[in-house]
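Letters A, B, C and D mark the chains in the order given here, with residues in each chain numbered from 1 onward.
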Amino acid sequence: MNRINEKLNKDGKLLSIYFSAGYPNLSDTASIIQDLEKNGVDMIEIGLPFSDPLADGPTIQASSTAALKNGMTSDVLFNQLKDIRKTVSIPLIIMGYFNPMLQYGVEAFCAKCKEVGVDGLIIPDLPVDVYDEQYKSVFKKHGLINVFLITPQTSKERIDYIDSISEGFIYMVSSASVTGSGDGFGDAQTAYFKRISDLNLKHPQIVGFGIKDEHSFKQATTHAKGAIIGSAFIKHLTSHGTEKISDFVENIKA
Amino acid sequence: MTYNINEKGYYGEFGGAYIPEMLYPNVEELRLNYLKIMAEPSFKEAFDQLLKDYVGRPSPLYFAKRMSAKYKTKIYLKREDLNHTGAHKINNTVGQILMAQRLGKTRIIAETGAGQHGVATATVCALMGMECIVYMGEIDIARQAPNVARMKMLGAKVVPALSGSRTLKDATNEAIRDWINNPVDTHYIIGSVVGPHPYPDMVARFQAIVSEEIQWQLKEKEGTEKPTYVVACVGGGSNAAGAFYHYLEDTDVKLIAVEAAGKGVDSGESAATSILGKEGIIHGSKTLLMQTKDGQITEPYSISAGLDYPGVGPMHAHLYKTGRAEFMAITDDDAMLAGLELSKTEGIIPAIETAHSLAIFKYKTFKPEDIVVINLSGRGDKDLQNYIEYFDL
Amino acid sequence: MTYNINEKGYYGEFGGAYIPEMLYPNVEELRLNYLKIMAEPSFKEAFDQLLKDYVGRPSPLYFAKRMSAKYKTKIYLKREDLNHTGAHKINNTVGQILMAQRLGKTRIIAETGAGQHGVATATVCALMGMECIVYMGEIDIARQAPNVARMKMLGAKVVPALSGSRTLKDATNEAIRDWINNPVDTHYIIGSVVGPHPYPDMVARFQAIVSEEIQWQLKEKEGTEKPTYVVACVGGGSNAAGAFYHYLEDTDVKLIAVEAAGKGVDSGESAATSILGKEGIIHGSKTLLMQTKDGQITEPYSISAGLDYPGVGPMHAHLYKTGRAEFMAITDDDAMLAGLELSKTEGIIPAIETAHSLAIFKYKTFKPEDIVVINLSGRGDKDLQNYIEYFDL
Amino acid sequence: MNRINEKLNKDGKLLSIYFSAGYPNLSDTASIIQDLEKNGVDMIEIGLPFSDPLADGPTIQASSTAALKNGMTSDVLFNQLKDIRKTVSIPLIIMGYFNPMLQYGVEAFCAKCKEVGVDGLIIPDLPVDVYDEQYKSVFKKHGLINVFLITPQTSKERIDYIDSISEGFIYMVSSASVTGSGDGFGDAQTAYFKRISDLNLKHPQIVGFGIKDEHSFKQATTHAKGAIIGSAFIKHLTSHGTEKISDFVENIKA
């Protein structure tokens, strides 16, 4: 069974953390992953940086750009992860844009993911139908779970479709907005979380975009299985470096 | 084989809609409605009326006597430079603003490089009384001050793109981000035949008026609807798409697409996307683009801000791949000289983008009986500073 | 009473040819031939062809919906801004270059203020492969750099006028001097309905295409050839002459000529020639002009370089004197605001000259059923710097 | 009999000098005239300065502009000339553009000319036919001679017409060019002088434009009754002031 499904099957709310691989320093990737697990994080999205991350906000874009400058590439990342499963057991997901994967070769990319122990992928600009038609079999072959997004604007019909081809969780975008904006959740958003929850989908939902502290984590996970924090964690790395990761995680889980 | 788009939104293997889910409702709404709306008689009427009374269409098909004598062939110039705001870009923005109205949108966003598309968008927004936000790279804002001023005169808000290389590619990223953040009331007017399906097709259809007119105008002048060649420069590819459109499937008519070689195709400072690019995804479309081995999009270079884009529309990727169109790459220097030549021989100062297509006569010989139609995509007023400095006028 | 010219070259008491004997052969040659040449079928054909394929005529008659709603009347804009080179000036230079060819001339001279006429002249000279010398005041050269660059791109030689106030009036003096020195091979392309007979009439006839088109275009749109009002700004008077031409004798159609009041008619810094001027002779014509009690020509002032002329064409002096046209004077400030207003409500940035005619709505109320045709004589690209600074964009 | 005709009736070649009234200093007018007569000049053209002297070259234009700045006007000039006939007896001609005369009133202007003792006018931009139809009677009434120009381009027919309405001399423009250009006369110009001379017109010709020294004066007067010097004299005034007028005239008449 895929580590993602295992984790989703457990009780309790899941805290998932996103960061850009190769940031703040090129070689920080593995140790950040290890620290996050050590501090009780349930799942990690490892950002594969891209030159033109059009669904990301300024914080993640800046960390992406810095990581690229540091020398991050797909090959470097796979190399950094090659021994990760010796020390880390929580689910690891690579989140990145489709073009670098395409250049790597989707098949080769998936094979490498499997090889190093990555469990799934989130590719914002790979549409569900293209995945469905062209890439599903490759992902399956390598035991990878592809995670799809839904937003407050996603129709019931489409949610059902996404649910039907999902295998892990559904990434529920808190509001139709790029990452890192917003300030806690309002009535509209919590109503949306509840609405989706009430659909009783086959796959659990994890909320992303806009979670940054204990309060917003609680709000997000009232109706969902878990939440992903990205920009807030990157800001923490930018301000405090990699030393105080425990502070950040404790603040959320407090 | 067809050279036009198929029902799935692809030109051969290029095209599609590689967009984040957040954009799905917007793009899908457009995809489901654009052909229906364009077919409505009231839409057609409004579009035709504005093209005629506001844009000033038909744009003339002008026989360039002195250029023809010089190059010993029959050269016709399709005068898109005479359109309101000075380029072909307005054909598309007029169409899209009417589309946006019919989709009930109240807020318009756009990206711009040289500022021509930004001006054309600000113009139609002023015309319709719609809010307009134009994203433009911080560097382009500095080097295209007159077009920034025009947009402001027209009531648009110009927002600097501060990320990446701070040019067109990044302005496009910012516009897409804005759209993600404003999924309900906003229409994004893309300025070329790029972006996710249905944009390339919609923009091509709005620009198709160019070849539609060439057909009857040439019939009047030469007794045939078919030129031997149609020539156009390619940034994203919209003016070429418009000039080629009605000739796509008629292989009697040869198509020449001219890209910017910058300081030379192999100089590392170039924007010859088709020749240098590899298949990939840029701004929601599978196409040819300039990128690193690792799949990072690289920054192109051209003296003309309008050709300075690392991708090319999927139609052109297909025309390149299939060999339907011949692709030529013209350097900065050749383009500048060709712009000066047209000014001095025909009294028309072309946009530097357009000047690239005029430079092909240096490299390609035509027969005396050939009819060569060049799409004169824009006027050079916006480029005067560049010409002045280059030629030390 | 006729409002057009009589056989002696006068509009009422204005006009004539007050020229030094040295110019007599040139002016006489033109006087004896211009009507004959203009009537030749081959001339007409060449003129019409160039206006259509090169200039882009007919220019649209555009119903300005949002302006009309705002001012509760029917406002139509005659889009001379869409002509090649961006103003009505080219109608005249196309006609005169053909005239010069038929007179066997090989060298062209012109004067220019804002540079629009200089550009239009340089353009037709490039088109015909003729030598072109443009006189331009040293001060205007400095403040109209883009148009100077355009002329140079087009292969013209721009010669600074260093005398007097170093603006349009002095450039005209220099051009006349050149003509005196080159009496055989040179044709002087005057840029407005000024100068000795037959220039005012010849230029008015070349510009008359404007009202000829308004007639049939309005018929198509409103079922009548006759607007209630025709409005045009007046520098020398050529765009107004063109817009009024076919309505001159039809007093059902009211004519409004708009002059530049600069900082106010009575401020001492104005170019409201008809209102402030007295009868006299300027540049070979008896007309109204701004002058001292002692008969020295004074330097006018307007924010728009194209209206900054101390005289007015003899036709307009006559229209003023007879009351056939209403003359309004619009200040810099009102004109600039009207220019911004048109930009924001219709997406058209007008030349500052043209903006003067758009400002009349502040002072004059029209009936809902009135048809007000405004001659949109030129586009504002050349004036961007001015707009930018004025509005601090 | 008008002083101009008296002078023309005498034997010998006539030297006529043009200068701008009020130049170099406003009050120089009368003394320059007196000096010129004293040094043997036969006739004087007093330039009434104009803001836009389009038939004049740069030298005369500059002196005109300076004179206007000095305060010269029609009234000032007439005032300066009011006692001129107490000391000066050679013909005096006012040369100026039409607009200032029009503003003064042509009738009033002519009356003033007569009053102060001016004998004739040269008005480059008053065409012959307009003079003929509208102003001839006024000029006659005040005993003023109006002088017309001919150029190398003037047709035989028109020369005859001009000759027919002339009453003094014909101002023969040496070449169709503004004043002050050229450098001695070439074959084309001397042929032109001879051609006109051979027409045996009723009125004598005086050559103007391009005469600047003894040599060109001789060339010009071989076939003509006299010659007018303008720019060269003004340049002399500019360089040497009003003190050395005798030098200039002696050099010509040497």
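One rule holds for everything that comes next: a contact is a pair of C-beta atoms (placed from the backbone, for glycine too) under 8 Å apart; a residue touches a chain by one contact, two chains touch by 3 or more.
Chains and their UniProt names: A, D = Tryptophan synthase alpha chain; B, C = Tryptophan synthase beta chain.
As the structure is a prediction and not an experimental result, all values here were calculated from the model.
Student: Counting one step per pair of touching chains, how few steps separate chain B from chain D?
Tutor: The fewest steps needed to get from chain B to chain D is 2.
Student: Averaged over CA atoms, how far is the centre of chain A from the centre of chain D? Could you give it in whole Å?
Tutor: 97
Student: Please report how many Å separate the Cα centroid of chain A from that of chain B, as a whole number.
Tutor: Centre-to-centre distance between chain A and chain B: 37 Å.
Student: Rounded to a whole Å, what is the gap between the Cα centroids of chain A and chain C?
Tutor: Measuring from centre to centre gives 67 Å for this pair.
Student: Listing for chain A: what residues touch at least two other chains?
Tutor: none
Student: Chain contact graph: line, ring, star, complete or other?
Tutor: Its topology is that of a line.
Student: So in the complex, which bits of chain B are touching chain C?
Tutor: 52-54, 56, 59-63, 66, 79, 81-84, 86, 122-127, 129, 145-146, 149-150, 152-155, 339-340, 343-349, 380-381, 384-385, 387-388, 391, 393
Student: Mind pulling up the chain A residues that touch chain B in the complex?
Tutor: 50-55, 57-58, 61-62, 65, 68, 73-75, 97-104, 124-128, 130, 148-151, 153-155, 158, 173, 176-178, 181
Student: Along chain C, where are the residues that touch chain D in the complex?
Tutor: Contacts found on chain C: 16-22, 24-25, 163-164, 169-170, 172-173, 176-177, 180-181, 183-184, 278-284, 291, 293-298.
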